[in-house]
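Pasting a structure here, questions to come.
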């Protein structure tokens, strides 16, 4: 097996004044080139923290305590800000959660689609423009010429998300971080966007980290997935295996809490409180054991 | 564009009402003032018949409302009367002096915007570090100290203790006045007389800085706040992930969205700058309408005071209008009618 | 939120007052600014006791003596003398009297007028608001310095005219803020509650809304005092304030400007005093705003 595109190993993140509160507990995961890896969990599970740690955009209060994040063998955490910026700028991109706020309201779409191409590929304005039009075509945008001239507020939410997807794939990145890219959209648009991300990813052979709280989305788009609870991996593996034969009770409970399109009429079961209690007990045991080692 | 036209029409309508109000207030203020303006005009020793004749000539024997009508009609015809102390047509005096003030005020606005913008951007770039506290401290000082005090401090430091700049006037009197217009700076630049332009600029440095610093401070405070707000937006995050440098994030992404709100919130401060020219011109003996206004008041030169106050009122309103339109023009949502 | 605050205000007033005082003491700006103003007040009150010389006493033999640290310094004149041999320090000390009198009285007057009009406009809206807003707009179209000079020129020079001029000009600063604040407060639940309880509009305006506007007002008055000190100095500088036998900072600056090449310290000393005083009022006002504004406390 070749070296993975992205390899996170034993990543620990903390918050609080003295780093007293763990945010990530020893998370490890590998992503191969061209693979879609889901990070699944409820809010506060640490999935966004992982995404931000990869991108180097952790908020001020959160700190990496130990572990490594290697992109093609280069540990990102040991790089200084400027070299990390240069390394990641063209190789890793982001599809943000809320398309309504993720485009600069004061700049035309053309400027926002071409700026990265001009900076990292050194394209001329005309060449960057052609490439941007091609990208808009790829994301099945109607009237790309008109969209290029538009300001964000002139586009619908779905159109803006297509623009953001086009921008994310513009530089042929090796890795795309999709941070709940469909949460802010309505259901009908959601499915189109998911299909579009999958299509773009397959066409370009891009690795994707897909952050979501929705197992249904994971089933639809991901090859492999990591289930997180309170910053700890609960279960990890091929999505098919996870869904067919969940080993961890948390996974099972999440599946029960998920609407199933293939089983209409099946009622939704809320995650039983006992499952959470078990998870917390497991995490407490983990923390105790680690404290013992130190 | 439709939105801009609508805003323009509404603001101009309001401006006319305000200007009319200004005219009424000036008129009343000077009419309720103790002392007979005519007696002041011709001085002591005039005969009762002379006074009566002058009163009739200026319409001062008419009821107040008719007097106002006469004065307003004159103003609308461009007849502002004759200055009592300078014995010259008021409109002529204004058209000589106004260009000097316009050059001064425009330069001060430009410096304030440039300086304020630069400090706000620098402060945003170093936010969260010790240097930010230094920027805030300096700005606190700039914010607290008014133009009058700055002007005097410059006189002391740059004019006397370390005399590097000329203390008064608009240009070196030995040069003479080789100009056809009263826009000396603009004309000297257009005609390529850079030595003269340099001399004029040297004379402008201190008054311009005195006028610009308080406005720059307000711009810094509001723009820096708006920039920090913008820097927390998702679109900046997206741009950051694209690998843009911090300065490109601030200038290329955040700035354009912070300028409009800043302009809207600082609008009134631009008019304070115009008001500041009165005392600052006086301190530096700069021959604009501000310095002239103080003399006019002290000399009780009624026609000149009325003309000057109207000009100042019109300037204030125009500046407000320009700032409002600027704020609209900088907001793409409004510019394209949503 | 707001109505619970009023309940606390009526039932637990002492503790709330103490909390506010503690909040004030925690603001270094309040401590420094307020401390300096207090110092000025003491200087102004005790002027005859602490001034080393009669501020008006001329002594042409000891004219333009330089201040401490320069050659020819005379230990009897710490900050030197002017061209008439008058002691700069003594004149500076007496100058605080006019500066502070104008600051306190003019700012209070401007606040009274502006607050009243602002409250009325903000609460009754409609025609009242239109008239007040239009007045504010007309006022703002005058350069304030020109307007103040105009008022003093009409009323004749003197402290009373200066105070009147400042109040006449700067009421708009209070009216604008109080109007906006009153409009916001009038939307509050506690005002609706008071209305349903059948309180009259004046009771609501002065008992319910005014106390909630008061913190902002206090900060604004402090800032206005700084502005008043400046306006007085400007008018003195132009020669329109009090008669020349009363020492004022602005008058000293104007006189110092004439002899700036011979005796720059006559110009520098009152300028420094003006600078420090304005800064102190500004810091105090800013600190008060931070300490008293519930939004900024959070």
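Note that the chains are named A, B and C in the order they appear, and that numbering of residues resets to 1 at the start of each chain.
As a working rule, contacts are C-beta pairs under 8 Å (C-beta built on N, C-alpha and C of every residue); 3 or more make two chains touch, one makes a residue touch a chain.
Values in this document were obtained by computation on a predicted structure and should not be read as measured data.
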item	value
Innermost chain, where centres are averages of C-alpha coordinates	B
Chain whose Cα centroid lies at the greatest distance from that of chain A	C
Cα-centroid distance, chain B relative to chain C, in whole angstrom	24
Chain A and chain B, separation of their C-alpha mean positions in angstrom	53
Distance between chain centroids, defined by C-alpha means - chain A, chain C (Å)	57
Residue ranges of chain C touching chain B (in the complex, touch as defined)	134-135, 137-138, 140-146, 149-151, 153-154, 156, 226-227, 230, 233-234, 237-240, 253, 257, 260-261, 264, 267-268, 271, 274-275, 278-279, 282-283, 286
Complex contacts: residues of chain B adjacent to chain A	128, 233-245, 252-253, 256-257, 332-333, 336, 338
Parts of chain A lying in touch with chain B, wherever the complex brings them together	55, 57, 60, 85-86, 88-90, 92-94, 96-98, 101-107, 115-116, 119-120, 151, 153-154, 164, 167, 177
Complex contacts: residues of chain B adjacent to chain C	14, 17-19, 21-22, 25, 29-30, 32-34, 140-141, 143-146, 148-149, 152-153, 155-156, 159-161, 268, 271-272, 274-279, 282-283, 290, 293-294, 297-298, 300, 305, 308-309, 312-313, 316-317
